[in-house]
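Here's a structure for you.
Every chain is named by a letter (A, B and C) in the order it is written, and numbering of its residues begins at 1.
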Amino acid sequence: MKMSKEIVIRTNKLTKRFDDFVAVDEITFDVHKGEIFGFLGANGAGKTTAMRMLCGLSIPTSGEAMVAGYDVFKQPDEIKQNIGYMSQKFSLYEDLSVKENIEFYGGIYGLSNKQIKEKSGELIERLGLHNEADKLVSSLPLGWKQKLSFSVAIVHQPKIVFLDEPTGGVDPAMRRQFWDLIYDAADKGITIFVTTHYLDEAEYCNRVSIMVDGKIEALDSPEGLRKTFSASNMDEVFYKLARKAKRSAD
Amino acid sequence: MFRDKGFTGRLFIAPAIQLILLPMAANYTIKNINIAIVDHDHSTVSQQLSNKILSSGYFKLADYTDFNSKAGALIENDKADLVLEFPSGFEKNMIRENNQKIAIQVNAINGVKASIGFGYLSGIIADYNNNLRLQWIQPGRTNTMPTIDVVSSYWYNPSLTYYIYMVPAILVSLITGIAGLSAAFNIVKEKEMGTIEQINVTPIKKYEFILGKLIPFLAVGTVVFSFGLLFSWVIYGIKPLGNIAVLYLFMYVFLFAILGFGLLISTYSQTQQQANSIMFLFMMVFNMMSGLYTPIDSMPGWAQVITHLFPISYFIDVMRMVVIKGSGIHDIRMHILFVFLIGLVLNTWAVLNYRKTT
Amino acid sequence: MKQLLSFIRKEFIHVWRDPKTLVMLFGFPIVQIVLFGFALTNEIKYANIVVVDNAKDVASQQIINKIEGSKFFSVQKTLMTPSAIDAAFKEGKIKLAVVFPVNFNTDLLHLNKASIQVIADASDPNTATQLSSYITTIVADYQAQLSPTMSAPYSIVPEVRMLYNPDLKGAPNFVPGVMAMVLLLVCVMMTSVSIVREKELGTMEILLVSPVKPLMVIIAKAIPYLVLSIVNLGVILVLSVYALDVPIKGSVLLLVFESTLLILTALALGLFISTITSSQQSAMFASMLGMMLPTMLLSGYLFPIENMPVVLQVISNIVPARWYYVIVKAVMLKGLGFASIWKETLILAGMAVFFTGLSLRNFKIRLE
């Protein structure tokens, strides 16, 4: 896992307030190019809100943020052109075929017909979906959908790809395969920003940040965190931090 | 079922609103007919007749003018429904030649309105004509022309209001909607949520299961129906002429049929949305063809046959007959029979289908 | 541009792959046309009536013959007492009874005056009124025939022309209404459900994160339904002209233009509904309550607006279908041109603009 010095995400006291409720409280952090950055936290800790701000889905109340070299307030459109996104629900259209999904997303991101053809050939090759290329996504098993969803999210070679709880409901064997894809992408220079509540997956990341009650309470590599908190695994780290938490699940 | 908060709301508020709104709108009484009078004559006769028309209470004056074009435009713009034209020299010519024509143009897009409106108008004209003759023919001379007097009496609804005709029918439509939807939804929801499988595993028999669903719905139906009747009485002053017990009896038979229908639909749908769409389609067709808005007797043969497959058509008929005319059980015996049969078929079909699909 | 095209392509695929919805989309108008064109009407045909001929004389016979010959009546000749008539009404067997008194003809000959009693079941007031007036007309005709040489002095003879619908058919009144209903159903409900489905499935977020502008999302979603509606409209018009004999007297182009305005308004409303609902089911309900119900009730095609209490009449002014109904009647049935309907067109256009603006604003706000 390489990590370059170039910074692709930088936030400074980024805050999101909903009336009286401060969902994200002045978080400040950097993410490097090619890094696999894990964004952990309990439900309701604010990680989804934070990620939405970085994606341009929601406007911050205060603070600063730069994503892929563009300012979140002033240049949201440029940001969108340069990032990818995979949602919890796998963001695929069930009633479209595999090929049609790829073509759609390719078109959305402005790829030329030639590019789309190439990419989709590559993708189908890599995932071994020859026989399923024209079948409706609804007929695919969950693990395949997951891998397809990720591949589609990076079809346009974005600088950063945001993954929102991407491994929900998938068995551990499939999850491993999925993470292989992620390593692959990171090797190619795509920065991975992933939120998850599967603590064992934190081990796969270069660095992990843990949000509690809207603030980042810890930010380090998994080994670093274990050392700091004298814990043998991420569960313990989390447990120790979570005891301080005042906010419970959504 | 009661935990579904929307449910109780829908139970009372929706019907209440519909019972208020629909009858207000569904008033087919033909009144306030706009008439434009073009008078080229300006004689006593034309003016007297015009006044008579306008004071009849059926017509409202749209315009009184000398120009045909103006009147024509009024019909085009829907400001006038009828145009009556007195030619010039009307009175004079009538005295000389013994008769005169007046031209009437009617906007016949709405056939009923045109027909009734013209009916009123000709009645008024004929009336005026008779009086005119009596005036002009010297008294003493025997009237050698035979006259036949047609005396009309309107039974059961002498004031010719539409409320009494529509409200009971609308109530039926409501109950059908509520009961049918609830029945279909309930089962489908369980299918969706998987609780049906759990029940399948228990020793409960299929028909017991269905009965268990039926009974609360019958209760709900009764409540809504009673509420509806009460509401019609309080707001519209509609008191059934016939026996209320007869109404309730029929209602139960009817609910039996409708619930069968709802169950049937639910056995064919996998999602609430599907059930919804199918129900919606059927409701539309039922509503339209049930005789609620347009008479069944006006339908062509094939349509009448189809209508007679719908329980709702029978119920609307029964409601109107019992409430307005005071019909009794004997009078509606065929209605009861048919609806019961339909109910039997639907429920059996639903049960059979249910067994097959699970 | 290319983005938009791939989006539109996807939307068409969605619509195509959902056969059940397609069936409903096209089936619905066809069902309505068939119903309203062939089955539902207010015309009176072969009403069951009973004639109680207590006189059994020449005059009564002649009148009865005339009544039997009329297509309005299906006559049953029985002697019934008033209570028997009451019972027959109660059983729903007859709608009207014509009673001739015993000395009908004798009275006519000797006293020059006789009367006939008409008893109508007034449950349905309009039917009762119409039937009764038809009988009156028939009798009046007979009366005139009695003294052909001696035409009544000083007669006012009305000459009537029934405009636009001389046969007094039921279809012309309904077809414009069906057009409004269909366009509204397709556009409002389908568009709103389609947009909400993206929300429900979570794919909306993806779209928002992508470089696709929100406006494009809306346009792409609306276009398939716009196309479908126009096709639908075409089907309805063809059916009306060839199957129902309701010709298009005015300019077809004008009709299409006005329909497009309605479609735009409906699409905007569909968008609006999608911004205030979060599940497909509630989108459907909202469409029905917010769109279909008012359209059916207050557009004027099922129930006459002029009979409604003032409150409803005022509310009906904001129902787009109401104006559309007037426009279609004017153009299709009366053959009028733009000059007659410019006011209504302006209102409809205004509504289209207003609702579009409102929905877009709401949509943008919702995104934040």
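Criterion: contacts are C-beta pairs under 8 Å (C-beta built on N, C-alpha and C of every residue); 3 or more make two chains touch, one makes a residue touch a chain.
Quick caveat, the model's predicted, so the values are computed rather than measured.
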Chain contact graph, described as a line, ring, star, complete graph or other shape: line
Geometric centre: closest chain by C-alpha means: C
Chain pair, most C-beta pairs within the contact cut-off: B-C
Chain A and chain B, separation of their C-alpha mean positions in angstrom: 60
Rounded Å distance, chain A centre to chain C centre (Cα mean): 55
Whole-Å separation of chain centres (CA-atom averages), chain B against chain C: 13
Touch list for chain C against partner chain B, complex: 20-21, 24, 27-28, 31-32, 35-36, 38-48, 86-87, 89-92, 95, 108-109, 112-130, 132-133, 135-137, 139-140, 142-143, 146-147, 150-166, 168-170, 172-173, 280-281, 284, 288, 297-298, 302-304, 306-309, 312, 326, 329-330, 333-334, 336, 340
Touching residues on chain A, where the partner in the complex is chain C: 55-59, 77, 80-81, 83, 85, 87-96, 100, 103-110, 162
Chain A contact footprint on chain C (complex, rising order): 2-3, 5-7, 9-10, 13-14, 17-18, 201-203, 205-212, 368
Residues on chain B engaged by chain C in the complex (per definition of touch): 21-22, 24-32, 49, 75-78, 94-95, 98-116, 118-119, 121-123, 125-126, 128-129, 132-133, 136-137, 142-158, 160-162, 164-165, 272-274, 276-277, 280-281, 284-285, 288-289, 293-295, 297-300, 303, 317, 320-321, 324-328, 331
